[in-house]
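For reference, the structures are reproduced in the following blocks.
Here come two complexes built around subunit A, the first alongside subunit B, the second alongside subunit C.
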Partner chain A sequence: MPTRARGTAIFSFCTDPSTLSDAAWLGCYLTTGKHMALYWSFGTVLLLLAITAPTALAFGFGGAAAARSRFLPLRWFGQAYIAIVRGVPDIAFFLFFVIALDQAFEYIRHRIKCPDWDQPVRQGNDFVVCAEAKLPLGNAAQWIHETYGFFLAVLTFSIVFGAFAANVLYGAMRAVPHAQLETAEAYGMTPRQTFRRVLVPQMWVYALPGLSNLWMVLIKATPLLFLLGVEDIVYWARELGGSKTPRFTDYPHGDWRMWYFFALLVFYLCFTRVSEIVLERLMVKLTYGQATLGGESQRKAAA
Partner chain B sequence: MKQILLATAAFGLSASMAFAAAHSVVRLGTEGAYPPYNFINDAGDVDGFERELGDELCKRAELTCEWVTNEWDSIIPNLVSGNYDAIIAGMSITDERDEVIDFTSNYTQPDPSSYLALDGAEPDYAAGVFAAQAGTIQASHIAASGATLVEFATPDETVAAVRNGEADAVLADKAYLLPIAEEASDLSIVGDDVLIGGGIGMGIRESDTELKDKFSAAIDAMKADGSLNALIEKWLPGSATF
Partner chain C sequence: MSCWDTLADYGLRSIGIGERLLPRSDFTLCQQVVLIGSGMIWNIYFGLVALVSGFLLATAVALGKASGHRVIRKLSEWFIFVFRGSPLFIQFFFAYFGFQSLKSVSSVFDAFSAAWLGALIVLFLNTAAYSGEIFYGALRSVPKGDAEAADAYGLSGWSRFRRIIWPTMLRLAWPAYTNEAIFLFHATTLVYFSGFPAWQQRGDALYYANYFADKTFNPFVPYPILAGYFILLTLTVVSVFGLINRRLNRHLPQEQRLRMRFRPNLIR
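What follows is the complex of A and B.
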């Protein structure tokens, strides 16, 4: 019973790799089911980034808005979120928080779905909830388990990076010249209108350098995925690159981790370079018409 | 519809049926990086001694099983948290682990561990530098012996550490090191075998005695009819049988 159906060899001549020439051997080697899993995991990483970045930004925006709220408990909440999450080491967060998060979800479901349950949820070291409360259900297909794990990962990444983003946005909101806000007030705008129409549009230019930094760190942090039980590119590179004896594979080879990690290096460098170019363009766009040094030089160049 | 609901409610009352509901699918957690016990084959599936053993045990216990891989470091926390139902990952039965989880009957004899070093090397067992996978019985053995321990997350990295000179030798299960020593021209088994641990068993949550009993019964049945010995001889040649 395979955990998941992965394709068999793509080329028909791959039945006995030990007889093949180098090029054909490499062709077969690079298209094994295991390598397909590696290629898929690039998609996993990109998908994680695509979902996490906007979610973390939303968390950050919420955190920053809460931290400067005039309503005291909300302000405390925002400031506590920023301070606590930024202060906890990432690795501790990723090792323990996910299990705790999963247990919290299951506990809530347990209370709702099994009110008649008479055994304790904590039995020694064990965390036991009724079968209906398991997330995903114990008999769910493996891909559902994997998807659930992936979304736990997205949530964890979003909470961590959201706290950093919140701090950046909080700083950016304070960097908007006070005169702008006073002028808005003088025009009779309510605090909410001032926030929406004046503060938020102007803060991005101050936030972008910090946010672009965060984006780069987020890209590099994706190997932490494996701590969360998601098989990412670094996991597969390590697994595929390790030396293999003929007894357990049709494609024995020595320690090739260096080559696999070199490929990852190229991938990450290309990815960060593309990000830099996009972020630079975004910066130029955001600077337009702003009362900053960059905006001023744009105005002078145009004039 | 109502009848189905009533029937389900009635089912829920019976304890053994509750077991069936909780374990309609038994998820087996393994590491997938420790041949010949468990590894990921070319097709990307879990393979090895424990794959074949686990499938047979599930068949005998009439359970539907599913294989999942998990990193060694967090393999016990994820079991007690309920992310899978059993660990079948070459895990030796030790007192320390037994405090946290329960073990089924052992399905291998206490397996000798051995040292693997570069050809011609003579490591100093009392004061040398030795590699072992973190959280293994071998790691605690080295730590207790007074020699210097360097730990790695995966078995593969421990062998790489010997190759690049970071460690004088690696201490691991002999069944894992033997194929490596035979295939590699530059590495060989050195020194005497070390006997540690109480054999390998499946790790089960302490609260899950019913599942533990089922697997233990299946393991004992396989011991009795000799099929376990056949598997050991196939995958772990040279290891002690029952």
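What follows is the complex of A and C.
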């Protein structure tokens, strides 16, 4: 016999929802344990953004630096990294990297931990590694599985968005006036010193418009976490919105998924709007006193 | 089974012609190439129809945003904001479940929860919003002199727009619009991952690529095949748009022509 899932209620009057008035019912409904999981998953999205943005920037910096390298294979690698991710739908990359990275990690562990394993790793339609090489280990706790999944998702996002950031930074590095680099050379700086002391400090102003665009795109890519198997807001919205019968819950309702996704839509609209305003302010601050058209018009407006 | 047989069986599988059952084991490279290619039919269908229909709405939205009428301007601004400010993925989900609920209201909406119509509408509105913003930007950068010259020739109203403003707007917007077209084709891969069911396993290219990757647990074959198809599609879009760009710029001296820049990236 199915038992009713009775979570711990936040409000004391929530013990018997069927007797409540509409507003109180909604208040109780929106504070059930599963809804708390939904609210936490907004935290997952923010966490993903907080980790991915700097990591992708680092990947992008590496890619852009590699694409400018004087060492030919490294340059090819950098340029290929930028080019490939741009021509193909990134959702394909998301789906690809999650499996590919997982298998790569397991394969490396397999080679290290089980050196005397003599069967091939790919057997027909199976990918077989020894039990010690499994990631996470078969007997690991649930939270380790979830964390590993999230880690893979972050890495995938970072690789894909790193390529976009590399594209932006590569352009920004080329936008730094060439005379600056020549001057540095004339002062006897080595290429490495020129890169670190002249090129990198100056490129950020040129990179900011592209990077802020990238940030907006990154925000709008976060629902794709769902495709990577993370229990994110899309997962919970589908889960909670589906019709519920009185047999399994205290809060039966019809198919409300439309309203849940409407709420997500509003959340993203607010998020992108706030980001837009903040980035606009940042741009105003950064252009202050710069020898660009923007800086010039600021100076004129103040005078 | 030779590769020709596979092509005959699965070449049009995504639109329901040919063999009904998908291969279940011992996948050959040929099967993967053919089925993923067959799925591309859907990507091209969604992209092409949304692009052509979205182009008209985009022009209207751009004009609306530039309009002096307050209500029309606000409506266009909100339309652009809603579709550009939220993820396409969520828009698909919302539309799908929205159409599902409408289904119980009237049977008119039955077709809307199928991908061929419902997802198409979302893509149409989405690309109209993105291109509308591009066209609006171009509309504002139409040289003042062009409009003054039109006035001097006695052109006004529709003929002024049709002969002077609109061609210049398109010319200025074209490089950015090319990128938008490429994004749109890439965005079509989201359709079957966002609620819209692939009826009788008739999906798009990514749907089949994902099918193979799930069955073989080997992502290193189907996804590169998909990538190859999309690079071909992207190159086709770039060259077709390049031809149109040449025509739009044909009256200009050689060095003034706007160079096309191939810069596809970014999703919505």
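Criterion: the second predicted complex is superposed on the first by the 279 of 303 C-alpha atoms of A that agree within 3 Å, B and C clash if a C-alpha of one lies under 4 Å from a C-alpha of the other, contacts with A are read in each partner's own complex, and residues count from 1 in each chain.
Note that in this section contacts are C-beta pairs under 8 Å (C-beta built on N, C-alpha and C of every residue); 3 or more make two chains touch, one makes a residue touch a chain.
Quick caveat: nothing in here was measured; it's all calculated off a predicted structure.
**Student:** Could you tell me whether subunit B and subunit C fit or clash when both sit on subunit A in the superposition?
**Tutor:** Aligned on subunit A, subunit C clashes with subunit B.
**Student:** Does the superposition put A:V129 against subunit B (first), subunit C (second), both, or neither?
**Tutor:** After superposition on chain A, A:V129 lies in contact with subunit B alone.
**Student:** Just to be sure I read the superposition right, which of the two partners does A:R273 touch: subunit B = first, subunit C = second, or both, or neither?
**Tutor:** After superposing on A, A:R273 lies in contact with subunit C but is clear of subunit B.
**Student:** Quick one: classify A:P246 as touching subunit B (first), subunit C (second), both or neither.
**Tutor:** So A:P246 only meets subunit B here.
**Student:** Quick one: classify A:P73 as touching subunit B (first), subunit C (second), both or neither.
**Tutor:** The answer is neither, since A:P73 touches no partner chain.
**Student:** Between subunit B (first) and subunit C (second), which does A:G188 come into contact with in this model arrangement: first, second, both, or neither?
**Tutor:** After superposing on A, A:G188 lies clear of both subunit B and subunit C.
**Student:** What is the contact status of A:E231 with respect to subunit B (first) and subunit C (second): first, second, both, or neither?
**Tutor:** In the superposition, A:E231 touches subunit B alone.
**Student:** Touching A:P115, do we find subunit B (first), subunit C (second), both, or neither?
**Tutor:** neither
**Student:** Quick one: is A:L95 in contact with subunit B, with subunit C, with both, or with neither? Answer first, second, both or neither.
**Tutor:** Once the two structures are laid over each other on A, A:L95 reaches both partners.
**Student:** With the two structures laid over each other on chain A, which partner does A:A221 touch: subunit B (first), subunit C (second), both, or neither?
**Tutor:** second
**Student:** Residues on subunit A in contact with subunit B in one complex and with subunit C in the other?
**Tutor:** In subunit A, positions 95, 99, 103, 125-127, 226-227, 238, 255, 257 sit in both the subunit B and subunit C interfaces.
**Student:** Across the complex, what residues on subunit B touch subunit A?
**Tutor:** Touch list, subunit B to subunit A: 18, 21-25, 27, 32-33, 35-36, 39-48, 55, 64-71, 74, 77-78, 80-83, 85, 100-101, 154, 156-157, 159-160, 163, 179-180, 182-184, 205-208.
**Student:** What part of subunit C is in contact with subunit A in the complex they form?
**Tutor:** 25, 27, 81-82, 85-91, 93-94, 97-98, 100-101, 186-187, 189-190, 193, 206, 209-210, 213, 215-220, 223, 226-227, 230-231, 234, 263-268
**Student:** Which bits of subunit A are touching subunit C when the two form their complex?
**Tutor:** Residue positions touching the partner: 84-92, 95-96, 99-100, 103, 122, 125-127, 163-164, 167, 213-214, 217, 219-224, 226-227, 234, 237-238, 241, 255, 257-258, 261-262, 264-265, 268-269, 272-273.
**Student:** Flag every residue of subunit A that touches subunit B in the complex, lowest number first.
**Tutor:** 1-4, 6, 8, 32-34, 36-37, 95, 99, 102-103, 106, 123-131, 134, 138-140, 142, 145, 226-227, 229, 231, 238-239, 242-243, 245-252, 255, 257
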